[in-house]
Structures are given as C-alpha cells and as structure tokens.
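I have placed the structure first, in the form of structure tokens, so that the comments after it can refer back to it.
Labels run A, B, C, D, E and F following the written order; every chain starts at residue 1.
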Amino acid sequence: MLPATEHLIIAPILIPFFAGAVMLIYDDRRRRAKLAIGLVSAVALLLVAVELLNRSKGNALSGGNDIGFYLLGNWLVPFGIVLVIDRLSAMMLVLTAVLAIPALIYSAAGWHRQGQHFHSMFQFLLMGLNGAFLTGDLFNLFVFFEVLLAASYGLLLHGSGQLRVRAGLHYIAINLAASLLFLIGVSLIYGVTGTLNMAQLSVQVAALQSADRALLHAAAAMLGIAFLVKAGIWPLSFWLPTAYMAGAAPVAAMFAIMTKVGIYVILRLSMLVFGAAGGASAGFGADVLTAAGMATVAFGLLGVLASQGLGRMAAHLVLVSSGTMLAVTGFALAGGGAPMLAGALYYMVGSTLATGALFLLIEPMSREEGGIAALLALTADAYGLDPAEDDAQPEVGLAIPGTLTILGLCFGACLLVLAGLPPLAGFVGKVAIFQGILDAGGGMPSAAGWAFVALLLVSGLASIIGLVRIGIQTFWASDGVVPRVLALEIAPVVALIVMIVLMTTQAQDVLRYTDATARALHRPEIYAQGVMRTPRVEPAPAPANGDAAGDAP
Amino acid sequence: MTATILWFAMGYAQIALALAACLACVRTLRGPRAQDRVLGLDTLYVTAMLLFVVTGLRAGTPFFFEAAMVIGVLGFVSSVALAKFLIRGEVIE
Amino acid sequence: MIEQNLILILVCLPFVGALLAATLPVHAHNAAAWISGLLLAAGLAIMAVLHAPVAAGGVVRALVLWVPSLRLNLSLRVDGFAWMFVVLVLAIGILVVVYARYYLSRTDPVPRFYSFLLAFTGAMLGVLVAGNVLVLVVFWELTSITSFLLIGYWHQGQAARDGARMALVVTATGGLCLLVAMLIIGQIAGSYTLDVVLASGDLVRAHPLYPLILALFLIGAFTKSAQFPFHFWLPGAMAAPTPVSAFLHSATMVKAGVFLLVRFSPVLGGTDLWFYAVTGIGMATLILGAMVALFRHDLKGLLAYSTISHLGLITALAGIGTQGAILAAIFHIANHAVFKASLFMAAGIIDHETGTRDMRRLSGLFRAMPITGTLAIVASAAMAGVPLLNGFLSKEMFFAEVVDWHNGTWLDNSLPWLATFASVFSVAYSLRFIVTVFFGPKADDLPKEPHEPSPWMRRPVELLVLVCLLVGILPGLTLGPLLNQAARSVLGADMPYYSIAIWHGLNAPLVMSAAALIAGAVLYLTFADTIAKGPEGPPLLHRIRAQRVYEWMMLQFTWRLPRKIYGATGTERLQPQLRLMVLLATGAGAVTLWGGLRLAHEMLSTPLNPAFALMWAVGAVCAVGAAWQAKYHRFAALVLLGGAGLITCLTFAWFSAPDLAVTQLLVESVTTVLLLLGLRWLPRRREEIAEDKLLPAKMRRLRDFVIAVVAGAGIAAIAFVVMTRPTIPNIGNWFLRNAYHEGGGTNVVNVILVDFRAFDTFGEITVLAIVGLTVFALLRRFRPAAESAGLPEQQQGEAAEALKDYLRVASVIMRWMFAPLIVMSAYLFLRGHDLPGGGFSAGVTLAIAFLLQYLGHNVRWVEARLTVLPIRWMGFGLLIAGLTGVGAWLFGYPFLTAHAQYVDIPVIGKVPAATAMAFDLGVYALVVGATILMLVAIAHQSLRSARLREVEAEAEAEAEAEREAAAAPAPARAPARAPAPVAGGTA
Amino acid sequence: MIDLETLPVWIALPAALFLVIGSTLTLLGTLGLMQLKSFYDRLHAPTLGTSWGTAGIMLASMLVFSWAGGRAVLHELVIAIFVMVTTPVTLMLLGRASLHRDRGEGRADVPPAPVLPPPPQPVPQEEPAE
Amino acid sequence: MEYVLSAAIGVLAASGIWLLLRPRTFQVIVGLCLLSYAVNLFIFSMGRLTVGVPPIMPKDGSVNPSAYADPVPQALILTAIVISFATTALFLVVMLVARGMTGTDHVDGKERD
Amino acid sequence: MSRLVPHPLLSLALVLMWLLLTRFSLGHLLLGVVIALIAGWALGKVEPERPRLRRIWPLIRLMGIVSVDIIRSNIAVAGLILTRGRHGARKSAFVDIPLRLDDPVPLALLAMIITATPGTAWLEHDPDTGVLILHVFDVIDEDEWRHLIRDRYESLLLEAFG
C-alpha cells in the first residue's frame, strides 16, 4: 500500500491534466466555468507545490534535502518511469503555480475569449511544465517537453493574427528541429548505455569506455542544443523575442517560465551526469555553457538597448536572465561552488516573476483607451468573426482609479528587479552571484569570472537605460490619455510584485532554500542512489496470469 | 530439397518484387504527368505489400501480416486522395 | 537599546511618510507639507537624543538581520560625522518642505512631490547611517532612483525628462561600480560591516586589486558628486523644481559623493594613486566649474556650476586627506550646504516672482524685493568667500591645506596657484549673480511684475543666511565642536582638537583670499558686458559641452551601436536560424567525436539481402526526389515523400518491428491527405522564379547542400558505429523477460506503451489533444489568401461541370468500406496487447474510415449523416486514460499501475481483463477524436470559403443594384462572415 | 518460425510456384508501367500485380502458414479481397483524372466529354451537423 | 544490412536538412517529414538490427531476450511517430494560416528583396 | 430490425471477416457478431438503403466466370508486355459501351470486375446517357468488347439486381 500522501508527487501533473480534459466536455463558450475549473486547478497546484516544497526541505537527518520518488505503474527503476521531487523541482513547481494563477486571472479580463480552448491549453501547459520538472526519465522528459511545447504553440497562436502566426511558424519550425535533435540525443544515450533513467545514467557514466564516452558526449551535446534552444541561448535564441512579444499577455507571462525549463533541465542533467562524480566526463560542456551564457547576456543586453517596444525589451530581458543562469550553470559545473548557484537560483525566481509581471503590464501600458473590449472588437472585426458566435462581449469589470500611478509603481518594481537595482530581489540575487564569484576565486576570480561580473553590471545598466527610456515614453511623455484598465488586469500584476517584495524581505529564507538546493545539486550521488533504491509497492498475492485462456478475447 | 526450392522461390520473389518496386519508383520519379506519379506510387504500395508477405513467409513469422493488411485495405486512401486532388484541386469539397 | 530603535525609526520615518503622502488626494497640499515637515522634525528630535552618546565619541549602532548569509544586513550606525550630516540634511529638508509648500503651484500634484522628497530623504539618511557597505550601496542606489523621480517631477517638459534620465543613468552606473568595489572590499576585509571595513585600510591598500577597487569606488563617488567628467548631469537636473535643486545640490545627493570620499579616505586614501586621482579630479572640477559658472546666463545654471566647483574643492580636500584637510572638507560640506541652499531658494523666489531666470533679462530687482536681495547678497558673499561669513572660513582652511601640505609632486606644487585661480572665478560669478540681478536699471520686460514673495517662502532663506552669519562670525562657538567630533569619527580618536578662528594673522591663505577677491571683482567688472553678450558658457569651451558628449555617447552606445551589433549578431529570418542549429549540432558532434568515433572490434553484422538494398535504392531516390521537387512540383514531392515513407515502414517490418510498420503506414496515409488538404491553399508556382537561377541563389543552395551532406553523413556514421557495436545489457532485456508475466501481454512493445512506460503514452496523447485543439482554434480564424480564395482551377470551366458525377461509382465502394474498416479498427485494438496493433493504430484506422467518407462525398453530405463530436471523443479519451491510471490508487498502487486478470465467463471461457486495455481505450478514443478534428477542420475551409464567396457575391450584387438604383456613393460593407461550424467543438 | 525442412512437397512446390508466378506477374506489371508509352496503357499494368500477383503470393502464404499452424490460416484472403475491392477506386479516379486533364488541354486522342446537358443539380440543403 | 540502413539514414537526413533550409514553407514541412523518418530509423538503429524476430513473446515461460529485437527503441519510435504526426499537422495548419495572412508561402512571411 | 441491422448480408460477411482474421472460437464468434452489428449499424448511417439484391446465384456464377477471365487476361497482358505488344502490333483504344445498369452498387461490382481483369480499364461512366468509356489494352474488334461487357458481365448483374 502506498501511503496516500505519496500520490501528491504526481498531483502537479494530474491536476492540470484532469482539469484540461474535463474542460473539453464543456462547450467552449462556457468560459466562466472553464475559468473556474482552471483557477481551482491552479490554486490546488500551488497548495500541492508548497506542500512538496516543505517536504523537500526535509529534516536535519536527510541533510535538508528530502527527495521523494514515485514509481509510475509500480515498475522498478530503471525499467519504469520515475518521478523525482527534490528541492529544485519543488521550487520550479511553486514558481510555475505562482505564475499561473495571476496569468489565469488576467486572462479573465477578456484574453481567454480571443480564441478557442484557451483554458484547456493553459492547463496542459502547466501539465507539461510540471511533468518536465518532475520526471526522472530522459524519454519521458521528451514527452513532457512536447506536451509543454504543443501547449505553448497553441497558446502562442491563441487569438491568431499575422504577427502571432508568423512568430508561431518560426517558433514551431525551430522547436520541431530541436525536438528531432532531442530524439537523436536520447536514443544515442540509450544505444550507448542501455538506459533512459537519468539516475542510472549518472551512475554509469564514470565507468564508460572511451569510445562509448565520446558517443555519450555527442549525445549530450545534441541534447544540450535542444535544451539550449528552449533556454534561449545565443545564437539559438533569435526566435524568442518575436515569439514572446507576439503572445497574448497572459501567455507571454507564462512564457517567462518556458526558458527556465530548458535551464532547469540543463542544470539538472549536467550536474547529475557531468558533475564531480562523472569521471572523465566531469565538467563536460562547462566552458561552453559559460561562454554561451555570457554571449547570451551580451546579446540580450544589446537587444534591450536596441528594442523599440516594451514587448521586445521584456523578451530580451528574458534572454539576459537566461544567459545569466546558463553562465552560472557553467561555472557551477566547472567547480564554481554552491553559493554562486544558490544566488543564481534566487535571481532566477525573482527575474521570472518580474518578467511575468512585466509581460502582463505591457498591454495595459501600451493600451490607448477603451480597454480590452475595444481590443477584442478590433480583432473580431479584422477576422470577420461574428461576435455572437465568438462571444466577444466586453468583459464588465471594475476599472481602477489612479491607473497610471499603479501601473507606474508596478513597472518601477519590475525595472528594479530586472536591472538588479536595490532594494528588490534582483539586487539581492546579483549580490549573491557576485559574492559567489568572488568567494569561488578566493578573492581573485578567474578572467571569465571578471568578465561575467562586468557583463552583469553592463546588463543591469542596459536594463536601466532601456526600461527608463520606455517608462518615460509611456508614463511621462504620453499625451495624458489614461487607459481604461480593469482591476482584473492589474490585480495579478500587483500580486506578482507582492511576491517579489516578499521574496526580498524573506530573502534569507529563500536563499537558505536555494543554497541547500545548490548544495544538493553538487551531490548528485544522493539523488542517484535514492532513485535507484526506490522500492516498489509489493503487490498483494494476485492470481497469476492464466495461460489456459490463450488469446481468447 | 523442397526446402531449398521454396527458399529459392522466396528469394526470387523478394528480388522480383524489389525490382518491381524499383520500376514503379522510376515511373513515380519520371512522371511525366502527375497521374503517372500517383499510379507509380500506388503500384509501389502493392509491391511493398507483397514484399511484406513474402518477407514474412521467409522469416516464418505471421507478424508481417498486419502491415500487409494495412496496405491492402488502406493503401488506396492516399492514392484516392491524390487522384481526387488532380481532378478537383481539393481533396475534400 | 532605545537609541538603536531610534536609528531605525530615523531611517524608516521618511519612507513611512512617503507612503502616507502618496496616498493623499491630489489637492492635499497642506496635509502633505505638514506630514513631511513634522516627520523630518521628528527626525531632528531623534538626533537631539542621540547627540549625547555621539558627542562622547561613541557610535550608536542598530542591526536588523536581512540576509545574514550574504552578510547583507540592515546595519546602521551613527557617529559624529554621520550625526552632523544627518542634522544638516534634516534641517535643510525641513526648510525645503516649507519653501516648497509656497513655491509649488495649486495645479501641481503636491502630495506626490512630498512623497518623493521624503523617500529621497530616507534614502539619503540611509546612506549616511549605513553600517554595512552593501546597505550603503542599497541606499545609494535608492537616492539615484528617488532623485530621478524628483528631477522628473515636472515630466511634461522635455528638459525635465532628459535631465532626470541623465541623472539616473549617470549616478546608477556609478552605483553599480560602487557595488562591485564594496563587494571586493568586503571580500578583502572579511566583512561588509563598515566598522571592520574602516579598520582594514592597510589590507585593502596592499591588495593587488586596490587599483581596480579605487577606480570603481571613485567612479561611484564622482558620478554622484558631479565631478569632472561626470558633472554634466547636474546642470541638466536643474529642470527640477527649485526646492528639489535646493535640496539635492546643497545638502544631499551630490554631498553623498563627497561624504563617501571622506568616509572612505582612511580605507582607500593615503596613497599616491588616491591623491592624484581624487585631488586631481577635484581641482579640475573646481576650476572648470568656477569658470563655466561665470558664463552661464541662467541663474540656476550658474548655481549648478558653482555647486560643481565647490564639490571639486571638497573632493580635492579629501584627496589631500590630512587631518586638517578632512576637517576642512567636512566644514565646507556644511557651509556650502547652507549658503547654496539659500541661494537656490533665492533664485527660486526670483524665478517665481519674475517668471524668468535669465540674468540678461533680470535687472534692478533690489528695489522690488529688498529683503530677498539682501539675503541673496549675503549668501553670495559667503559663496565668494568674503570674511565674516562661513564660506570664508572653510575656504581659508582649504588654502591653508594646499599651501601647507606637501608631498613633492607637481600637482602638489601647483595646488596654491590653481586654488587661487579658481577662487578668482568664484568671486567673479558671485558678483555677477548679485550685480546683474539686483542692481542696474529696472527691467521692464519681465513676464511678471516683481515683488517680495510671501513671507513664509522667504523664512527658510532668512534662517539659512542667519546661519551663514553666525558660523562666519562665531565659528568656534557654533560649529567648532561638531566639526571636531565629526572629523574625529572619521579619522580616529587621536586627532587633536582644531579650534576654528576667524583671524590667523596675515598669512598666505589670507593673501590668497584677498587676491582672489580683488582679481575676481576686476575680472567681472571688466568683462561684465562681454559675458552678458557672450554664449552660454566660457569662450571656446562652450562648444565642448559634456552633456552633448553624453548625449552623443548615449545615442551611439545605447542605441545605434547596439542596434548595429544586434542586427549583425542576430537575425529574424528562419533559414539562418535553422542553418545555425544544424551547423551547431554537426559541429558539436564533430568536436565530441573527433578521434573518439571508433568501430567496435567485433562488429555486429546482418547478412545483406539484395531485396532490401534495392528497396532502399527506391527509398533514397524517393527522398532525394522529394527534396528536389518540393519547390516547383509540390504534388510530385508529396508522392515521392510517400514512397520514402513506405520504404521506411518496410524497414521497420524487416527488422522485426511490425507495430512500427503498421503505425507508420497509417500515419503516412493521414499525413498525405493532410498535406494534400493543405496544398489547395498554397500559391501556384509554375514558372521558375528568375532569381533562382542567379549566382547568389545557386551559391546558397550549394552551401546548404554541403551542410546537408555533411550532417547527413555524420548522422549516418554515428548510426553505423552504434549499430555494429555489440549489444549491451539494457532495459530492453528486462522488458522482454517480464512483459508477459508482469505485464500480461505478449506484444512487448505494446506492453511497454500501455504499462511499463504508459506514462509516455499518457503524455503523448495529451500532445495529440493539444495539437488538435490548436489546429481547430487556429482554423477558426483562417482566411485564405485572395489568390486561393476562389474555386480551384480544376473546378472552373465547362469541363468541370461535366465532372459532377465523377465519384458516383467509386463512392459506393468507399461508402461500403466504412463497415470493414470499423471491424479492422476493432481488430487492431483488441489484439494489440498480444500482437501488433493497439489503441493508436486502431484509432487512426477508425479515423481513416471517417476520412474516406469525406473523400468519397463532401463535407455537407457526410455531416448530414454522421454526427461526430471529435472534441468530446478527445475529452473522454483523456479522461478514460487518466481515470484508469488513477484507479490504481484505490488499491494502494501508484498511478498507472496495471492489473491484468482473466475473468471466467460462462460459455465463452476465460477472458483477459487488463486495466491496460482500458488505458488503451482512452488512447483509442483520443486518437479518433484528434485525427478527425484535424482533418475535418482543414476540410471545412473549402466549405467556409465557398460560403464566403456566396456571401460576397450576394453582397456585390446587392451593392451593384444599390448603386444603379440610387447612385449612392457608399455601398454597405459586405458582412464578412464565414461562420462555418467546424465539426468539432460543440453540438 | 517455420522449419521449411518439414514442409511436405505437396505444400512446398505449389507454394513455390505461386510465389514465382505472383512475383513474376507483379514484376511484369511494373515493367509495363515503365515501358508503355501512353498513360492509358500504363493504367493496365498494375492490375497484374493486384490480381494474380497478389493472389499468387497470398495463396503461397496461406498454404505455408496453414500447414505450419495446423489449421486453415486464411487471413490473407482478407487482404486479397480488399485489394480487389479497393483497386478500382484508385484506377477509376486516375483514369478519370487523366481523361479530364487531357480534355482540358484539348487533346484530340481522347474521347470527348458526354454532350448531354447535365440535369439540374440537387443542391444539398442540409446544414452540416456540428 | 547495416551499411544500407546507415546510408539510408544519411540520405533521408541530408534530404530533410536540405529542405529544412529552404525558403518555402512546403519545402520545410516535407523536410521535417523526411527528417523524422531519418530520426526514427536512427532511434531504431540504436537497438541494433534483428531480422524476423519481433518482440512478441511466446507464452511459455523461458525467454532468451538476446534472440529478440530490442523493444525499447520501438516503443520510443511509436511515441515519436505520434508526436511528429501531430506536430506536422500543426505546422501545416500554421503554414496555411500564415500563407493566408501574409499572402506568401515564404517562411519569413515576406519575400526576400 | 432493419434500423438496427440495416445490412444483414454485410454484417454476416463481417462476422466472416472477423473469424478469418482471428480464429474460430465461440468467444470470437460472439465478439465478431457484436462488432459486425456495430459496423453494420454505422454503415446504415451513411448508406441507409439496402441494395436491391434479388438473386444471389447469378453473382456466384459471375464470380466463377470472372476468376477464369482474370487468369486468362493476366496471361495475355503479361505476354503482351513481354513481347512488347506483339512487337508493336498491339493497339489500344477507348471503347464506349452503353450500359443498362443504373444502380451504383452493381455498377461498382462491374467496375471491380473490369479493373481486376487486366487489359480493361474503367475510365468514365455517364449516368445520364448510361455510356461507359472503357480503355482496352489490346483491341482487335471493339464490338467484341461491347458484347463481352454487356452480355457476359452486365446481364448477370442485371439478373442479380433486377
């Protein structure tokens, strides 16, 4: 008998799955019902994720890193698929849920009416994300990548329109190519090692023969490219700004975490397989990650400066944040120590929330007047849709006073976080990363370390310049027309900002968490041994499969 | 002896069918008209189906049957669609 | 304990006030002013309480833990230096609050102003009392941000926006540099606590990174204190309301920079590098500021450059760094704050009452505003360094330091001359300020009739001027003890007491002062007219304006250059991105496998079957043919693609994968139909585009050809090496061994799919569902291109008319195939667990059965007879699969744990009942739904555009009729609706 | 796996014969497909494969598997029947397509379209079900 | 046979990649199809080649796994086929919609100048 | 009954098909019946009218005749291909045959016969005139073909379907 609470590990996948599936039974025009289901699902996800996070903190005995395992179908590792929840996955789950709830609420202001089946696809996106964070199996990771990608295609194209479709075409083409690389990588790993389980792979890697090792490295490189495409690394990230900018606001907000999936996987796999215990493979790809990460930061900051609209700029800020994480992963893989990684994880959470908030802000900030209703009317007109059929009535909602002030404050908060300015989370994160770099070198960081510090400084500066440029245009140089913004649209943004503020005041707690996470990542053997030893639920004596029946139906 | 005969017959059938596939492929590639290509592909399907059966026979397993059946029963669907496209310019009106 | 809390309250009060003020209604002018004033006064009261311990040479500390692991804690400390500075800030702050209440107009959103002002004050206090260098940086950056808001308060004006942005960019950049400097210093000192850092001067100076630290630190300090060459933001910030200037440029913002210099001089100072950099820049700024100030026509511009100049003076003193110099620096910080605040306020009054700040227009104001005039004259005198005023005293001390102190360098030797030179200009611009504004003929073209301001607007100025006089006359009694206390807290307890006196006898400094006064007066009086007629800035130099350089640099480095590099390092086109990906993957493979790709010693080998090789000759020809034809002969490419797919299926079957062959074949059929459905909407491409035959296009194709061949060869090589490698122990063996006994099925592949790795399938069907939904949603908004909107070419003309019945006989067969296909679908489904087949292939088969009906007839015909609700099928499919998985929970097993059992049914015998079958049923339903949804959604587009054509034709006819009937100019727009219900969705 | 050695002659020889006939006919059909000059001629060629080509090989397969399985294994019959039933659909449509296209190009060597005016078309009135 | 199959993989992959790099959406989609064939065969080859012994087990106890084809790559390919079918359909539709909206079938939504 | 089992003959054939595909057992028979009924019911949706099959015997006879014809024409066409159309003497032609059959189902059967027999290809049937255009691979006498189709095949079909 598996304790009922253990099923919580799979809940983050099943909750959105069932929510999304049940919605399909409903008529698509019953969006309120679907919204309700979606919100219940998202809140449940948050509760589950927080509980899992608390569990993963564990107690002193486990070294503060309790790893939970879930053998799907009750098959032993490495034969079946195993879900693994540890600090890192739990953190990503919480982050996803925290981003999802505001995005959903925001969509209720009218975005979810722009096309069909928004809510189902949103739930499936959550399912894909959570699955990717939880799975301990390489091929299952591919499947969940496809789930989240498919959902992201749908959501990106939600509402249609030339910009979205054009961006979607590129996005899909590139991701399809990347998925093929993913398949090549996974199967090559299977061909060389005979397993698909990440933990077993990490156990086997040290003992590989040199010819096999070369093949494994090739496989890892292919996989790496596939992940790095998602993570938005330069020079594989050119699709990203257009795609992120094109998405409807709540979708773009969710996209803030899409790059983080790539980063998560890279972090997880590289630390697990090519960590210190990787024998001759230890540190594989570290330099490439560092260099490419820094190039991404550089490209991102150029993009921030070169952007004319807030949407593009926000997308490039995503790149900066991605590049930072990737570079730190490279450093960590090369033996950079846990503190830097801990800081980077903290920074990642903060910047993800801030980018999410920023993506939600963009549309109200650039809206002239009339609110979402006018917008919907416009698109409906452009595509010759029958409003009655498409149910595009304006959402009646509370328009808020002092709109500009609140928008401005929220924008300012995002700016502070993304530029790494005090006092919000971005600053704390950057300080943590800097300290980590300085600590790692014993006071004298490597040349790469210095370059990274300089790059982070410059990127912060570029963010200030770019965002202030836009902010001034929007809030100060506008012609004084105050947009009509619904409370439904601003509340989610405020909620995200409040999360950021909480993260800042409780920085110590969060950092303690990320620090233990980073330390755990540096000790992959705990993860691997735990996975390999997960016991199955012993079946009660069941009647054996009778042979007599033959193939009778 | 009988085994040898049968064995050779199977080998011959395989090669004959493969050659047939090559010839059908030549027609598919050369055209000259679209209907020739479709005809070539349709023929390719049939020869492939027969090759499935022969190969299954040679391997002595019945597991090729399903694939052959799928071609036999459904192989015409894509040919029909292609032909319809040639006539009407769209597949489903 | 109380004192600790008091410091915390001191720092928090302004922020709390800022929030309070922000929530006030727009017109609550008085309330906002009262809140601000009272809060700042409360701060002063706190300082009064703290005076005793500080005066005793003690340091009051407070600590709130924030991020202990980063040693980033809210640590605060008040020593003599901080105490004096805080009092200065608060006192001038109160005066500014009062002044602003009368200065700002009724229409301004005043509470916002006070909110910003209080927040800024809080940040400034934070800088002053920070006891942790990181926290210092936090507050430092906060001053940058809040000052940005203050400077941009009147954001309607372009100047304010530019000025604010410039100030922010420059000072925040400095702040970032400062952050790194502090992090390194903390690293070296082992702590970020200010006390520890201050005690680790030797360690820091000896560290190899000292030059870097110093450079970063100085960039931080100099940007803030507007030192050359970062001074330009300060004049730009004059676009702010005058109370802001009076606050920012007297006691606060810019002083934070010199505060930092003085504070850290024990840590970083005392080296030659420090002296050259700090004193050198300080002197340059002093001279430059003084010179430019003389030539500015704008009152506030003059004061701004004067501020720059005085800050240079303080910086130079910090660079010298002796005990006397530090004392003098602190003294001048205070003195400058007092007289400059009063001068800014006076300038504000003049601006407020006359409507202009242009000194060329202002004249003879003394008669209209004698009291203000008197106050301004006294304050200017203090600025010029006239005896009996506070400015004189600190300037004398500065002269004394530059004369007395020697380290034998050329800079040191030239200091007295440079100081005097700068002083001359200082006197001259002070004189110009007084003479042009208050004396001379009465101006008659002023925008407003000048008169004295409301008394409360003048009170702050009066108070400040009084301080100038008191300190100037009675320095020892007033400021002396505080100064010593402040300097001692910077330099250490062993500093002797400096008594400040007015008269030191006839010495070099006095001579220098006198010379400067006389020369300055002569300079101004000689060139008064020339200056007034000249440009805004000193001769020649006015052409080189740092602000223009800044703007140019900003344009170049934050816009044009990034755009250029961005354009060069990125692309928005798809092909280069895909090419890059292919190249990177190929390159990564090459790098990792270089020299490591070896064939196994004992290669596996399967005997060659010529039939197989022949089949692949066909496959290869088809693949290459498809690649070759895909541009101009899409149809041919599609046919050839089918050929390649067929041979792939054959390969699967050949190498023992019947399930793959079946599935691929089925998918193949559906894909072909899908692509054909799509082909109808693509543009005609008959004639070869001429560009294709040009050399660049040929070169592109050649390049891609090479890439493709290399990548293909690479993947083939890897495949070959692995294929011929001996088999290794893998999980596949376990599956083979246990499929039947543990999974209850003999078809291992199927058991893997629905049991061992059913979770993959679970995700896979979700993908299918999502894609179905996406396709459906996207096609709801589909509009064909104009070119494809009409009937296909084949259906136009007479011959097409004759074709109406072309399907009559064929459709009979297609209709009748419906039933056998359903049987076949059931067959494939039911036996999947033991033999090739399964839910997916069965589902596709059923979908093809439906498709066949669409092919044999048309959409209307089929949908009049068959009601398919694909989305429901999908929903139920997903739910069945999911609930089957969850069912295992009831028995205490994990998700998707399968149970297989044989149920004995009378007559029929034992029947296998496996939950895996139920799961497969979910797969089946979903696949049917999703496949049909996709096919039908595309198929419906023809119907939709047919309807669209009808509607448009109708509308056109109507419009035509209307035109003819009434000759009305604007025919009603055709309702462009295409509401074809797609078979999916809802019934 | 079937052990071919154990097959009796009366199974093996007919099976071998059927195999040879079937595959040869199929090959000849495709040979015709490649050689013949006009499309309408080529249209006949594949039917060799779909009629006796298929029949021969299916018969061989049924013989061998039935003997090996010890019972009548006739499921190849299903394939043969369906091939026969479905081939006309493809070929009819292809022939019709070719005729239509040739007529469209005004080629004289194909029979003209029927001249009778088509009867009034019944326009389907039903709304498609959702 | 290994030579033949790896050459086949190479030819399919090369054709697919060449098409992937072409400017017309239809070329890209055909390229993706060819590439997915290549990748499926690649996955397949990772399980080594076994002729005529599908992983369909007899029901009587003892099994010698080395006699059968490796079922794992087959299962992976089945999943991959389904997913690539779905994504191909999606890409097709996006390509059609893009063509409708932009008026061109160039992958960038505008003809190159 | 006829609404639930619109095509009993077909359903019977489907049961047979099921048993051919699996193996005979009581369980399979029952299962096959269930599936065949479902399939027949589904077919009733698209083909509600049962074809008017009057007599079955002519059909069986037809099958016998056709089997023989198929073998014959297989040999004939194979020979023609091998000899390159009797070394160039072969002539193909379009033959138009006025048919009496009007019902699509027997027409479909005729199409199967004509297609399955190498040497003849069904090109076009005009329902208004009833004229079938046939392409014949090797024509010596066109009327012979008209006669063959009309009297050998069509008449039997007419008998069966009335």
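As a convention for this text, a contact is a pair of C-beta atoms (placed from the backbone, for glycine too) under 8 Å apart; a residue touches a chain by one contact, two chains touch by 3 or more.
Predicted, not measured: the structure shown is a model, and the values here were computed from it.
If you take subunit C and subunit D together, the chains in touch with both are B, F.
Every chain gets a centre from its CA atoms, and the centre nearest the mean of all protein CA atoms is that of A. Among the remaining chains, C is positioned farthest from subunit D, on the basis of C-alpha centroids.
If you average the CA atoms of subunit C and of subunit E, the two centres end up 40 Å from each other. Inter-chain spacing, taken between the CA centroids of subunit D and subunit F, is 13 Å. Averaged C-alpha coordinates give centres for subunit D and subunit E that are 29 Å from one another.
Centre-to-centre separation of subunit B and subunit E, using mean CA positions: 21 Å. Looking at subunit F, residues 17, 21-22, 25, 27, 31, 108, 111-112, 122, 124, 126 sit in touch with two or more other chains. Within subunit C, the positions touching two or more other chains are listed as 572, 574, 578, 582, 609, 612, 638, 647, 654, 656, 658, 679, 715, 718, 722, 725, 730-732, 734-735, 740, 757, 760, 764, 767, 771, 774, 778, 781, 783, 794, 803, 806-807, 809-810, 813-814, 817, 820, 824, 830-831, 834-836, 858-859, 862, 866, 908-909, 911, 938, 943, 985-986. Residues of subunit B in contact with two or more other chains: 14, 17, 19, 21, 24, 38, 40, 55-56, 59-61, 63, 69, 73, 75, 80, 84, 86-87. Residues 55, 58-61, 63 of subunit B are the ones touching subunit E in the complex.
The residues of subunit D lying in touch with subunit C in their complex are 82, 85-86, 88-89, 92-93, 96, 100, 103-104, 113-114, 118, 121, 124, 126-130. The part of subunit E that touches subunit A in the complex is made up of residues 20, 25, 28, 32, 35-36, 39, 42-43, 45-47, 59-60, 72-73, 76, 79-80, 83-84, 86-87, 90-91, 94-95, 97-98, 101-102, 107-109.
Listing the residues of subunit B that touch subunit D in their complex gives 2-3, 5-10, 12-14, 16-17, 19-21, 23-24, 26-27, 33, 35-36, 38-40, 42-43, 46-47, 49-50, 53-54, 56-57, 59-62, 65, 68-69, 72-73, 75-76, 79-80, 83-84, 86-87.
Those residues of subunit C that touch subunit E in the shared complex are 572-575, 578-579, 582, 603-609, 612-613, 616, 619-620, 623-624, 626-627, 630-631, 634, 637-638, 641, 644-645, 647-648, 651-652, 654-660, 663-664, 667, 670-671, 674-675, 678-679, 681-683, 704-705, 707-709, 711-713, 715-720, 722-725, 727, 730-737, 739-740, 746-749, 752-753, 757, 760-761, 764-765, 767-768, 771-772, 774-775, 778-779, 781-788, 834-836, 840, 927, 930, 934, 937-938, 941.
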